[in-house]
Structures are given as C-alpha cells and as structure tokens.
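Presented sequentially are two complexes of chain A, the first with chain B as partner and the second with chain C.
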Partner chain A sequence: MKLSRNKTADAKERRENIRLSGEERRARRRSAYFLAPSVLGVMTFFIVPFCVIIFYAFVDNPINKEFVFFDNFVNVWNNGAFRRAATNTLSFSALAVPLAVVLSLVLALILEAKIPMKSRFRTFFLSPMMVPVASIVLIWQVVFHYNGALNAWLGPLGVNQIDWLKSEYSHLVIVLLFLWKNLGYNMILFMAAIANIPKEPVEAASIDGAGRTRIFFSIKLRYISPSILFVTILSLINSFKVFREVYLLTGDYPYETLYLLQHFMNNTFQSLDYQKLSAAALIMFAAMTVIIGLLFFAESRFGKDVEN
Partner chain B sequence: MAGIVLENVSKTYPGGGKAVIDFNLEIADKEFVVLVGPSGCGKSTTLRMIAGLEECTSGRIYIGGECMNGVEPKDRDIAMVFQSYALYRHMTVYDNMAFGLKIKKVPKKEIDRRVREIAEILGLTDKLKKKPSAMSGGECQRVALGRALVRQPRVFLFDEPLSNLDAKLRTQMRSEIIRLHENVQTTFVYVTHDQTEAMTMGDRIVVMDHGVIQQAASPREIYDRPANMFTAGFIGTPQINFFKANEIGASGSSDVIVGIRPEDLHLAPCDGAVIGSGNVEFIELLGASMNVHLSMNGHNVIMTCPVDNSIARGNTYEIWAEKGKSRLFDASTGLAIASKTEAEA
Partner chain C sequence: MTDNINAAMRKRRRIHIAKIALLTLWAGVFAVLFLMPTVLTISNSFMSSTEITANYGSIFAVGQAGGRQFISERVNLKFIPDMVTFKQYITVLLKSPDYLFKFWNAVILTLPIMLLQVAVAAVASYGFARYSGKFRTFLFFSYIMMMLMPSQVTLVPNWLVSKWLGIIDTRWAVVLPGIFSPFSVFILTKSMKRVPKNIIEAARLDGANEWQIFTRVCIPSCKGALYSVLILVFIDYWNMVEQVLVLLTNPDKQPLSIFLSRINAGEISLAFAVATIYMVPPLLLFLHGEEQLVEGITYSGGLKS
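Up next is the complex of A and B:
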C-alpha cells in the first residue's frame, strides 16, 4: 500500500519535472529569438572574418590555397615596415597608456578635494569627448603645422620653426592629442571609483596613525584597483584607435615615428596582400591577448578582496 | 592612559542642523563611560569629535590635559572600534592588527609579539593568516577589537560595536569588553542605542537626546533616580509607566506625573496602595518572568512579575504600586521633583 503511494508520488513528480523543463524550453527559445540578431551581427562581422583570417594566414594565396605553415608569419616578422610599425605602436602605447591612467587619477584626486568650481572643471575635461575627430584634427593641424600657431607663438621667443608632425616631436604631439581626448572620461571613471571607497576603513586608518599619503597608498589605491585596471584596458584599446587621428593628420605614409600598425595593415590591405595582413593581425591578436590576460590576472589578485 | 574633558562642545552642520549642543563632560582616567540615546541624539557625533573625525563647531576637547582642537586623528593616540568593523579587507588578520604599529615604526619582533599576544587573548591565533572576507561577523569584530588593543592607546572609543552581531554573540562580546576594560585599565568611551548595553557595561552612563545631555550618572542612579521623564522612559525595559498624579488617587495636582517601573507594580496586595483596576490585554511570557499588559481607564500599563498561570487574559485585577518606589516629575518641564522622591500613593 505504502509502496504504491510512493510510486504515484514519484510519477507525479516526474510529470512536474517534464512540465517544468517544457516551460524552460519555451523560455530558452524565446530568449534565442531576442539574441539572434546580435549573434548574427557578431558572427558576420567578427567571428567569421576572424576564422577567414586564420585560414588566410596559413595558405600561400587565396586562389591556390596551399598550406604553408608559418611562412607568412616569418615573412611578416622579418618585414621592416611591420617591425617599425609594431615598435612605434608599442612605444606609443607604453608612453600614452600609463600617462593617461596616472594623470586622470591625479586629476580625479584633485577634483575630489574641496576646490572651487569643481563642476566647471569636470565639464571642461569632458568636453574633448564631444568634439568630432575631424574638428580635433583641424585644430591640431592649425596648432602644429610648420607655419602653424605654435611656431608663430614660439618664434618671438627665439625658438626656430619646428615641423612638429614631421620630426622626433611628432610622437609627443600624438601623445598630447591622445591625452587631451581621453583624460576627461578616465577622470570621471576614477571619480566614481573614489566616491565608492567605503568611509570606515579610511577613518580607521587615520585613527591607526596613517597620514594622507599612507592612506592613499595602503587603503584607497587598493579599493580603486579594479577601476585602474578597467581604465588601463580602455586606454590601451583607445591607444590603438589613435590611428584615426594620425591618419587624418598625416595620410598613408607619415613621418617614420608615426607609422603605426594600422598604417601597415591599411597599406597591406590596399595592396591586397591578404597573407601578410592576416598574419600581422594574428600576431597583434596574440600580443593583445597576452597583455589583457596579464591585466586580468593582476585584477583578480588585487581586486578580489575589495570588490563586493 | 588619559582622561577626557569636553568643554562647551557644540556641533552644527553646514545645513544648520545642530547635532550636539553645549556638551560638557569630564571623563576620568580609566573610566568606562557609555553614551546612550535614540538615533540622531548626537552620541556618535560626540564620539567622532573626540576621535578627531569631525571638528567641533565650538568648544574644546582635551585628552590627557592637552587641547585636541585641530589635532589630526592620527596624532591623538586613540583607538576606535566601528559598528561595521572597518577592517582592511585586502589585508590578513595579522596585517590588520599590525597596521598601526607598522606606521609607528615599532620593531618587527615587537609587532609580532604584541599581535600574537592579543590574538591569543581574543582567540584569533589560528585565524591570523585569514582575510576578513573569510570570517564571521563575530570574528571580524574581534579583529577590530584586536587592532585597537595592540596599539595600547590612551583612549578606546567604541561606536556601536555590537549592533551588527546576533543576540547571543552580543551578550558574549559584551562581557568580553567588560573584562578587557578591567585588564587594560584604559579610558573607554562607548556609544550605543541599546540601554541594556549601557546599563551592564558602563561605570557611568550619559543619556543624550537632541544633542543635549539629559543625565550623566552611574547606572544605578540613572535607573533609581532619573533626572527627567526622558531618562526615566529611555532606561529600563519594559518602559516605565507614567500616570497623572490625580488619576491614580495620589495627592497632588494634574501637573505632577508619577512614574512607576513595571516591576514595582503588582496584581496582589503588597506594601503600598491600589492605583486602580486594570484589564489584562495580553501577556508576554519571557521564561522566568512575564510582562502583563493591562488597560486601566484607557491607559496602557505594563507590569513585570514572576510567571503566574492564574493571571489570565481578559480578567480584571486591582493594580498595586509598591510604597516608596515611585518617581515624581513636573508635567510642564519633565524634570524630576527632587523634594518628593516618594509618591504618596
């Protein structure tokens, strides 16, 4: 008697399970409909081209399609233009990204203190984001051209005319442009992070005898470390995007210190050398994966205790 | 070791809100003083002003005879335990406790000795390598205590340190803090809204309301001779019963309020007088004793007595008040009437 009751109960439970999973199936189907357009877009513009690039990087040409192992990579690696472009891009990022992170953090800390006209400064630093690239380029050309404003101002001070965009200074001009465009947004991100630091540990540290500097390095910096990482990754990505401005300022073949990886890609694409292009893209992809992987590793080490 | 003096201390916030008004208090060296009052009464602000986390708008604060106005918290040689523990989440228990000593540049060996000694006292020895995220609330609060203790400061400040703990742990930590005070022999200033904590822990209780000291005296004194109706009502659970003198047949006009504590009321004849008859509305059984809620001429009356099964809901009883246990207050000012400490009930 007891056994049969158990059996019916089991059967009922099983039926309920089936009904539940049916509902679940319907819910999944519904969410799939919503996801489809995005998945389609990502597939068409990112995943499929990426797979095609991998294929191209390992064949001799798109017509023969003969597998050539790492020949394309070796060719690219030995290519002088690629090396120059990679070195320029790397040195640009290595200078611009840390500067963008540190300066925006300093600005955020200054604006966090009680200073007059705080909100005006905030707007002031954010305003470069609203200016279209073409206008920025125009302003930069007016200022840094051989016959531009900067040389006109420096002339009376006894400084010889400098061709800012076609000399060793060109690198710095672009770093300046990059900082001018990115500092404001990074600063806002840091201000939000600083505002989110819990008050109590900071007060506890001040009672424990810590001064402002000690509190900043031992407590506050740890609480904003996830934001530091986020801003670093964002700046790194933006540092690759600076090609747009450089291209508009100086064209296909700029001064050699401004010849960036994207110049190389662009020019290779125009000459329809898909093998070289694909191999270069994959090398860049590998480098980016390693760098961002390291950053995430650092984040998980420093950020895990302070994140809720 | 140091006493604390607060001299005409006031705190007004930029919006004009007054948190503390003309606060005068002398705390002796090694004394355990509890600041108690409802939320928003200014007790935490007072503590934070002693700590230096907030500046006082006017008045002076002295610690160990030195004026502390304008002195940074780090230079006051105090330790504070916060309600939210305020531990450094990215540091281990050991580093949390050693942080203050490292700043003071105490030799490493000495830091190690002191941290381990305090960890031993607080039962944290096997948790020194853990981080706060891997610990329970009670353990975190112990670490916060330990962090304060290792520094051997002149003054300990506690800002509602037990409010985040469950009832059982709170009772346990309460006795631990009392024991600590006896061992370290340092001045303790303790803020709480819990009057049981105030009664059980302090050498002296300072009852505050609306930024003003209502009474500062020993727990016994505050309980037996409250200075005003606010103190009488705030200290003691269940709350004291207030009656207009003429309503309960006492001599005196309606300007006099009689306060009688629940344990001084009885439902059986005792050495005192009948103040009226009440209908039992409900009974709260507490185990060894019970609270009986009665309705007397539209008044709610609470009395506490040992468990008595014969008292039943809906029954009407005569309410007796013990002789010599009533407190009298002036209805218009709320102040205790000092000359008559006994109701003529």
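Up next is the complex of A and C:
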C-alpha cells in the first residue's frame, strides 16, 4: 500500500520535472552568467598562469623550452635556503598550532561558562584580529629588543639579557604575536561548536550521576571534536601566512631561524629565476593540497557523526 | 533533613560562585594581555618626543648623535604619559605629508579591492548557490583550494600575469588579483544558500527574472554576510604586506603598513601616533559591526554549506 503510494508520488514528481525542465534549464543557464565575471578574473590571474607555471617547472628555461623532467624540483629540494626555510616554517607551525588550538578552546570554554560580561570579554579577545600588525610591531620591538622592556623586567630576577629576536627564542616571540592575532578567530569557531552541543545527552548523563569532568571529556569533547580538527588544520594553514608578522617585525633579513618560505620566494622573485620559482611554488602547492585534502577528509568523515 | 539539603545546596552554590569568580579572573588576565599592545600603542602616541626618546631611545636611536638628551640605559615601558600632548598628531596630520600620503596609498589600494571583490563575489555566489551541478561543484572546490593557498603559492601566478600585462609595480598589480580573490565567494555562497527556496520560487512565479531575484530577494537577505565579508576583506588588505613586496616595489606607492616597519630612529616619536591613526579605521569598523563579523567567522567554520 505504502509502496504504491510512493510510486505514484514519484511519477507525479517526474511528470512535473519534465514540464519544468525547459524553463528550469533556461534559469540554470542564466544563473551561470552570474559566475562569468568571477571565473574570468580567476582564470586570468590564477588558473591560466598557474598552468604556465607547471610548464615552466618542467623545462630548462622559458626560451629554450627543453623538457627536463624533475630537475627543477630536485634543484629546489636540494637548495640549502629552501631547506632552511621549509624547516623553519614547519618548526614554527609545530609550536604555534597546538598552542593556538588549546588556548582558543580554553578561551571559548571560559566564555561559555556563563561568566559575567561575556560579550565584553569576547570583544576584547577578538579585537587583535582587527588591529593591523604594522601598528603594534613597535610595542613588540620595545618589549623584545635586546635593551627592551622584557629584559629590563627579567634583569632584577637574575636572568641574563637575551636577544629575543636574534636567538633561538625568536620563534617564541613570533608565536606570541601569532597567538595574539589568531586566538580570537579560533575562539569564535569553538564557541559556535560549544553552543551547538545538544542539551539532552548532557542532562541524561548528569542525572545518571556523571561529574562535570566526566561530562566534559565523554560528551562535550566528542561533540566538538570535528571543530577541533577543523581549527587545527585551519591554524596550520594560517601558520604558513606568518611571514607578514615576521617581515614587519624583522624586515628583509631576519635572524636565520626566522627565514621563512616567503623570504625564499621573495629572493627568488628578485633573481627572476622562473624555474626555481615555479618548482618551489608547485612543491608548496603539493604540500598544501595534501593538508587541504586532510581538511576535507576530516570534515566528511567526522562532520557527519554529530550533525543531525 | 531539610536543613541538611539546604546546607548541601548552599555549599554547591558557593563552589559554583567560586568557580565562576576564578574563571572571570582568568578571563580578566587574558583580556589584559590581549588589550595591552593596542592600549600601549595608543597611550604612547600622546607622549612628547622627548619622553619617547628618553624611554625608548636605547632601542631606536642607534645612529643618533647627541649626548644632550637623556637616554636611559634600559627601556622604560609606560602606560601613562608624563604629560599628555597632541603634538605628535599635529605633526603627523599637518606638518609631514609623507605619512598621510602613505595612508592614502593604503586607502586607494584597499577600498577598490574591498568593494569590487565583494561585488564580484556576491554575483558569483548567487550563481553558485542557485543551482549546483558537477561543473559548479568542481569550480567551487577549486575556489576553496585557492582561498586556502598561502601567498607563497598564489603570488607566483599573480606576478607572472602582471609581467605579461605590463602592470607590475603599478597599483593594478595589487588591486586586480585582489578583486578576484575567491575568499568572499566562499562565505557569500554559504549565506546565499540559506535563502529559503520557496521565497525564490515565489519571486519567480511573480515573474521576476534571475537578476531581479538576485537584487531584490537574495541581496537583502544576505546583508549581514555582505557586511561581515566587507570587514574581513578590509582588514586583510589594510594589513597587506607580501603582495606589496612582490607586486608593488615602488616605495612611493606602498601603503603605510609596509612603511611603519621601516620607520627609523629620527621618526620614532611620531611612529606611535602614525600607528594609532592606522588602526582607527579597522577598529571603528569592528566596533560597529562586531556581531556581523562574528557571524561571518562562524560561516567560515566548515567548508561545506
């Protein structure tokens, strides 16, 4: 009985679809025109030149155009400066990303614990996002300079003067700037996730006598785990963009541990080495594709578990 | 019996209050840390140049000849100026056009990018949200890829095109790729997809064509997302560094963001005032549109709509 009714409904729908399809198709085509300006621009400035870069990466030079397989990639890979830049970038990420995730989750949990003046605090935590880094590098220099404020404070405690920006501590200084700038954004993502935790399982567990810690780890954390993964990968991607902060703080020639991939690229732009530039861009593109792939995988794999 | 229960309840309540107080304290500590750089920059902008030199001279006054001025050995980080003065602002705004010129450079780079990127993206996002097929799904996927690529990757194609078109070292080299950057398409598509289908259908049955549905139905219901995208794009380009270093190397055309990092010893007393002026536009936008900004960020959490 039920089945047959479904069948007739299906048939009815199909008939309507056929009737609409002419008009529908026209609407579909017309709505495609809306994509035209954007697609044209993206083609011109990103996709077409990107294809040319792929071509450049496999030839010996733009004039001779002789196919050299992976020589350019091998050259870049064996380049000392590229190696150093890649290592520095990765070691920065390894330090910055876990802190960015954990601290922003802590901030979100504090704000979601119904503390007074919650929205005021949210404004404070989010404000660094809107302050141009260029405006506050002065303060960073004043604090972390060899003769700076931090050393002046630590001096009386018996700590020797440290040149924060020109020593192994330089990563720490940049991490602080990175966290200052990015925690607010991550916090908002986490707050949205915490607000979406359904009430019923939490209530059920607390009736069953589960303590707050137990509820947090067994229920809440499980519901926000997709967001944690998402924020982690997003922070990883953002940590590759930290060149901006490093440049504003230390200029063209930073201390060697702060020599990042973008510094390497900038130098290569100046030398007009098309092959090196293209091969390096493609190597980074490949690495990013893997990371973005992980992001998509994480979302399709774990995002569904909790979405209703 | 009831006394016992009451006592237990009172105890639990006391623990709860203590907990909230502790968390608020923590929030306060974080808030101070988050606000300090901004507040210090602003408060230092009201110091006289002698005070700045006295406090920070040991850092910035590397090659400065002198001996008359008192420069402390160590830096003296101060919240409150000895004497509040607007002299620095007067100098910046009236006497040294160089800074205003750089500020103007930032404006004429950022404004067209912001307005046109959002305009192009709004139109495109309607195209993405209205119908989806294999081709559009693939296209949207490539937009997300581009959006997530760091500048190390995207600047190479931008630079190549600028060379071909002969616009390298002109403002166009920064503005044109900025206009077509796929970031706002992503967030606006998500927001457009939330426009209820039956409203669009109703408009269509009333005889509205696609353009009318877009301008009269979708745009008004995506106002919040449009505003938040405007803010996000603005702050990104107001802050731009890497594009400028590669595509616009002429220092006369570079925005204040680059210039501030190159400020030298002689200008240090003005630097705080300049830095403060530079953060005013984004901070005003933030105070005005915080809710929309938060909404926009929430939209960006998750790649699927």
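As a working rule, the second predicted complex is superposed on the first by the 275 of 308 C-alpha atoms of A that agree within 3 Å, B and C clash if a C-alpha of one lies under 4 Å from a C-alpha of the other, contacts with A are read in each partner's own complex, and residues count from 1 in each chain.
By definition in this document, contacts are C-beta pairs under 8 Å (C-beta built on N, C-alpha and C of every residue); 3 or more make two chains touch, one makes a residue touch a chain.
Quantities reported herein were computed from a predicted structural model and do not represent experimental measurements.
After superposition on chain A, the partners chain B and chain C are accommodated together without colliding. Judged by the touch definition given at the top, the superposed model places A:204 against chain B, while chain C stays out of reach. After overlaying the two complexes on the shared chain, residue contacts for A:114 are found with chain C alone; chain B is out of touch. Applying the stated contact rule after C-alpha superposition, one finds that A:222 touches chain B and leaves chain C untouched. Contacts of A:214 after superposition: chain B is touched, whereas chain C is not reached.
Touch counts on chain A: comparing chain C and chain B, the chain ahead is C. Between chain B and chain C in the chain A overlay, the least Cα distance found is 5 Å.
Counting contacts as defined above, no chain A residue meets chain B in one complex and chain C in the other. Here chain C touches chain A in the complex through residues 19-20, 23-24, 26-27, 30-31, 33-38, 40-41, 44, 56, 58-60, 73-77, 120-121, 123-124, 126-128, 130-131, 133, 136, 139, 142-146, 148-161, 164, 176-177, 179-180, 182, 185, 204, 209-210, 214, 231, 235, 238-239, 241-242, 245-246, 256-258, 260-263, 271-272, 275-276, 278-279, 282-283, 285-286, 290, 293-294, 297-298, 300-304, going by the rule given at the top. Listing the residues of chain A that touch chain C in their complex gives 27-28, 30-35, 37-39, 41-42, 44-50, 52-53, 107, 110-111, 113-117, 121-143, 145, 147-149, 151-152, 155, 180, 183-185, 188-189, 192-193, 227, 230-231, 237, 240-241, 243-244, 247-249, 251, 261-262, 265-266, 269, 277-278, 280-281, 284-285, 288-289, 292, 295-296, 299, 303. Across the interface of their complex, chain B is touched by residues 198, 200-201, 203-211, 214, 218-219, 222, 302, 305-306 of chain A. On the side of chain B, the complex with chain A involves touching residues 51-53, 72-74, 76, 78-80, 82, 84-90, 99-100, 103-104, 131, 133, 147, 151.
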